[in-house]
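To start, the structure under review is shown below, and the notes come after it.
Every chain is named by a letter (A, B, C and D) in the order it is written, and numbering of its residues begins at 1.
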Amino acid sequence: MRVGVLTGGGDCPGLNAVIRAVVRKGIEVHGWEFTGFRNGWQGPLTGESKPLGLRDVEDILTRGGTILRSSRTNPYMVEGGVEKIKAVLAEQEIDALIAIGGEDTLGVAKRLTDDGVGVVGVPKTIDNDLSATDYTFGFDTAVSIATEAIDRLHTTAESHHRALVVEVMGRHAGWIALHSGLAGGASVILVPERHFSVDQVVEWVERRFENEYAPIIVVAEGALPEGGEEKLVAGDKDAFGHVRLGGIGTWLADEIAHRTGKESRAVVLGHVQRGGTPTAYDRVLATRFGLHAVDAVADGDFGVMVALKGTDIVRVKLSEATAELKTVPLERYEEAEVFFG
Amino acid sequence: MRVGVLTGGGDCPGLNAVIRAVVRKGIEVHGWEFTGFRNGWQGPLTGESKPLGLRDVEDILTRGGTILRSSRTNPYMVEGGVEKIKAVLAEQEIDALIAIGGEDTLGVAKRLTDDGVGVVGVPKTIDNDLSATDYTFGFDTAVSIATEAIDRLHTTAESHHRALVVEVMGRHAGWIALHSGLAGGASVILVPERHFSVDQVVEWVERRFENEYAPIIVVAEGALPEGGEEKLVAGDKDAFGHVRLGGIGTWLADEIAHRTGKESRAVVLGHVQRGGTPTAYDRVLATRFGLHAVDAVADGDFGVMVALKGTDIVRVKLSEATAELKTVPLERYEEAEVFFG
Amino acid sequence: MRVGVLTGGGDCPGLNAVIRAVVRKGIEVHGWEFTGFRNGWQGPLTGESKPLGLRDVEDILTRGGTILRSSRTNPYMVEGGVEKIKAVLAEQEIDALIAIGGEDTLGVAKRLTDDGVGVVGVPKTIDNDLSATDYTFGFDTAVSIATEAIDRLHTTAESHHRALVVEVMGRHAGWIALHSGLAGGASVILVPERHFSVDQVVEWVERRFENEYAPIIVVAEGALPEGGEEKLVAGDKDAFGHVRLGGIGTWLADEIAHRTGKESRAVVLGHVQRGGTPTAYDRVLATRFGLHAVDAVADGDFGVMVALKGTDIVRVKLSEATAELKTVPLERYEEAEVFFG
Amino acid sequence: MRVGVLTGGGDCPGLNAVIRAVVRKGIEVHGWEFTGFRNGWQGPLTGESKPLGLRDVEDILTRGGTILRSSRTNPYMVEGGVEKIKAVLAEQEIDALIAIGGEDTLGVAKRLTDDGVGVVGVPKTIDNDLSATDYTFGFDTAVSIATEAIDRLHTTAESHHRALVVEVMGRHAGWIALHSGLAGGASVILVPERHFSVDQVVEWVERRFENEYAPIIVVAEGALPEGGEEKLVAGDKDAFGHVRLGGIGTWLADEIAHRTGKESRAVVLGHVQRGGTPTAYDRVLATRFGLHAVDAVADGDFGVMVALKGTDIVRVKLSEATAELKTVPLERYEEAEVFFG
């Protein structure tokens, strides 16, 4: 049996750990052969691939990124895409695919299964916004990195009576902001799920200064002030076609400085959050996902994705897996408010 | 309302995060007053305590250990212990207790509730061996520290063609060994749940050397060779009353050296695994445990402990909570064997 | 004997380690008493101070920031400032001062010594731009933090064929950029000491992409393109009085994206670089500085600052210490160019 | 021109950074070709080698260990060793060698130069015991790892009123113990340079407990009690030919427990200290050593080694370089005593 593997969408610490577990178990337990397709769904479209043996995955467990590279190519947006994929799989004698990716990658996996290609999915979302799994790998690493940064900012904020705004990832879901804000002891946490009042933020900030501490404000990149009609995400193109230089973090730091008269600075962690070696938690989860994806292939159980439920790895229909975005429930957010100010 | 807080048993990163969340929510939301009892159950026995206000918990989120100190005192082993506790609580006008600890501490909490004292438990076990909760805080930190050490050992092992044995915590349950071994890419993982064959270990070690890599063997301190009649735990007293200097890790490194003729060394991480700042994961879990323990007290729901189920914090009867040890299931262990050798 | 201690200027990991060493040696060896002045030179001006005993410095070695807080107050800009200081010192019976700070703080220390106050200086500059000492504490920590970020960015850059620009501290001297760029394996390093050609940067970036790697460009916040007439430092006020949201890093990422057609993003580490626990290197250096500052006071050797020369701590006249800025010599910069592209 | 590179002796974080810098500068600036000899001096003896190009050194900067592997082979102990080396060099058309290693490796380099082979040395000693250079790479990494461990041990020691003994590397020189002990805030530091009195250690330990803190004792593996006639180094063979399971650390923890009646435990960091990614400091130093070694080869300046003097990289005659061991001067040790107890 020959199995193809690919990684799609944004990169995420733990992708290589999945690939390693898949190849190791497939070869050691089942005697399969593996093909690594390059650049997400572009690989099976164009045939760009390489064999994956035990040596290829020997040293990759601890490495961030993906040895297979990634892309956002969607074969259903390509004329004759599905036929091309079937032709490539036939030519390379591939019996099944393991597709590691987020909502888009898994959406393609679902449609391909419907179209007769055997695919098993492995979920990946650094933002923790897939509803069918408790967590995915990459999220814990991102939260850890953001928390380390917040830890460092406390002492410098206090030594200088400064407000510091930390912008973290999360365009649609505030999980990274919520968890890193809780873990880092933030004075304010702002998430996309609830528009925030700048007046309220200023009140928390001033209360914090009154207590002789310095406020750290953690803000998800997709968070918006009440009445804000336009997302202020750095890196987006603005009306003039220029990449936006500062996002909500720098905007908010400026507002706080103007309204409180205190020095206020923004830190934008950006891609640091998604790179580098995964945490132990993410390596274990990614490894278990990989092992169970091989089980699903061995069972011929296609059209499913592996998922974490409590401490178990289970299988979920791909059709359910990508149905809705998992955002922060308001009660989880409100629970955190006890630490604000 | 006045609530007492105490921490019992071995220390664990995250204890202070629980204390902070409890005090913060109790004061900010309910307007309660808090008393911190010192040294576990010894505090309510002797009355040794201090008030806990917002200032006391301001800076403790990131700190390991416990600001309340700990002990293994069991009031049910003390003549008239329960009466003494009731007298202290009456005198200090304490309406309820929040007890943070492991099996022993929670066992006392259960019996005290039966004896008419209102106690809510917060589970703590760095070894992850409490069956009533998916995880507790401290475990993720211990696994992370062990994994970092294993990461470092790979390169030095390979540069010198050496076998390295890493002894990690786990007298009765192999969770830390299993997770850190998986996360660190160990060549062999040995746990207390299954006696190991030294011959088999040697075979894996030699296979690893043949592939021009160097083996890392992760062994839980409570793991035993087949036929081993005596636990080889460092720090235990031996037959002569001396503290045992080397445990299973050093013993195994010696065996491997003798049988393979290769250089072999042991690293015993010891207390490094349970100290220092908690990981972001453990801080969030500990914080959520603390917030929900306050909810239970507010509901007058005593004799329960908070627990993690999936992504939710739930309440579990203390009587069920400490019923059995959660060891590594054999299928979880066997799943990992695909990476051995 | 009673000695006053203060910290001035921007904060820097290691300040607390100096304070601890000073107090510990002064008390244990000489039996002195210590007064901590708050907020830099503002403390001796207003008399705001507190006694510093062994307990006060017990837990501070590993903490970033400064327990004495800091400010940029210059008593020579205050009407009657010197007289006020002398009055405060007389009233509090202070025999000598240990002033920990950068160019400005040490400049005041020098003038006060000339005006008859006994001051010993301890140099502090996170930017490594003081010419009279080989290194100061804080620099190693800043370089380490920037290097960790660069390490993380490599894998994400490569997985997505992206250019990543990392803006690090250094308005006038490029030491942090040079060292973190060398340590992190940057493809381009840009420093204030040499205006850069955007064409040349683009050439290096494109060469890197051709070799199937992804470029990381490390840029000091004070670096300027050739012909750049205005510093592009984030946080400065622009012509409209608004705090500038993006600095040279975001500007350069935008330029690279426009010119190469490749995705390009900026990471601005900001205050993360100066906060949190110092590296072991910085703790040892800060501790040794503190011990030797006490020796200078004991010798009555005022008007000097302690400095690192090779592996020795020596004393340097304050008049020489602040004479010139230590920038990156061109030959050190050119030596690094072998790694560009 | 063709240049051979080799690494000898114990491994050390930064070896790969040297190799990368050498190859990169040699190729980019001089157009040389490189041969990597495997396993230290064994490579030039047997001819085991491989070409080293830019691709081979692309990803190695951050990796511990050495891609060339290492050994302790001494060609002057091998019959006809020098002639064999000359024959291999002639056959492979090698014009010069860059040898990276410690006292032994550099001793061979010196003799080979005398025997007509052009060798430039790069010093490597994790223990910091080479007298001809201020520091070498690897030492800062080892100190950092030991310091992190000590940081973690403080909270667990205090929560349980326990003494913790940390055994660090250093058979003949106590530099790692001194620096990590200072950086970690140890209560006692013990080094090979001065035999210690167990009574004195116990006194410091008890004083620490009296102040309600818990003592951390940092001990170099080669430290000895007064009257101790035999080194207690773990891993050495004892009189029965068995590898010694516990060294001075476990011995001392046992002594302290017996004499004070307090719980006392040892942590033996072992090989964790020499593995894994180098600190930023070590990467910069290793890189600069590599660049300057190439300069020496380009100048035909053989029989020298590169060395750090202050902030400069200089050249030192190999004959002077290995003349004497650099141990901790007593005044440096006594300076630290102010922190004991």
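Please note the rule applied: contacts are C-beta pairs under 8 Å (C-beta built on N, C-alpha and C of every residue); 3 or more make two chains touch, one makes a residue touch a chain.
Owing to the predicted nature of the structure, the values given are computational and were not obtained by experimental measurement.
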If a chain touches chain A and chain B alike, it appears here: none
Centroid-based (C-alpha) most distant chain relative to chain B: C
Where chain A and chain D are represented by their mean Cα positions, the distance between them in whole Å: 40
Distance from chain C to chain A - Cα centre to Cα centre, in angstrom: 34
Approximate Å spacing (C-alpha centroids) for the pair chain C, chain D: 29
Junction residues of chain D, two or more chains touched: 151
Parts of chain C lying in touch with chain A, wherever the complex brings them together: 10-11, 15, 63-66, 69-70, 145, 148-149, 151-162, 164, 234-235, 242-243, 245-246, 250-251, 253-254, 257, 265-272, 274-276
Interfacial residue positions of chain A with respect to chain B in the complex: 24-25, 28-29, 58, 61-62, 134-135, 140, 143-144, 146-147, 151, 179-180, 182-185, 213, 277, 279-281, 283-284, 287-288, 291, 309-311, 335, 338-339
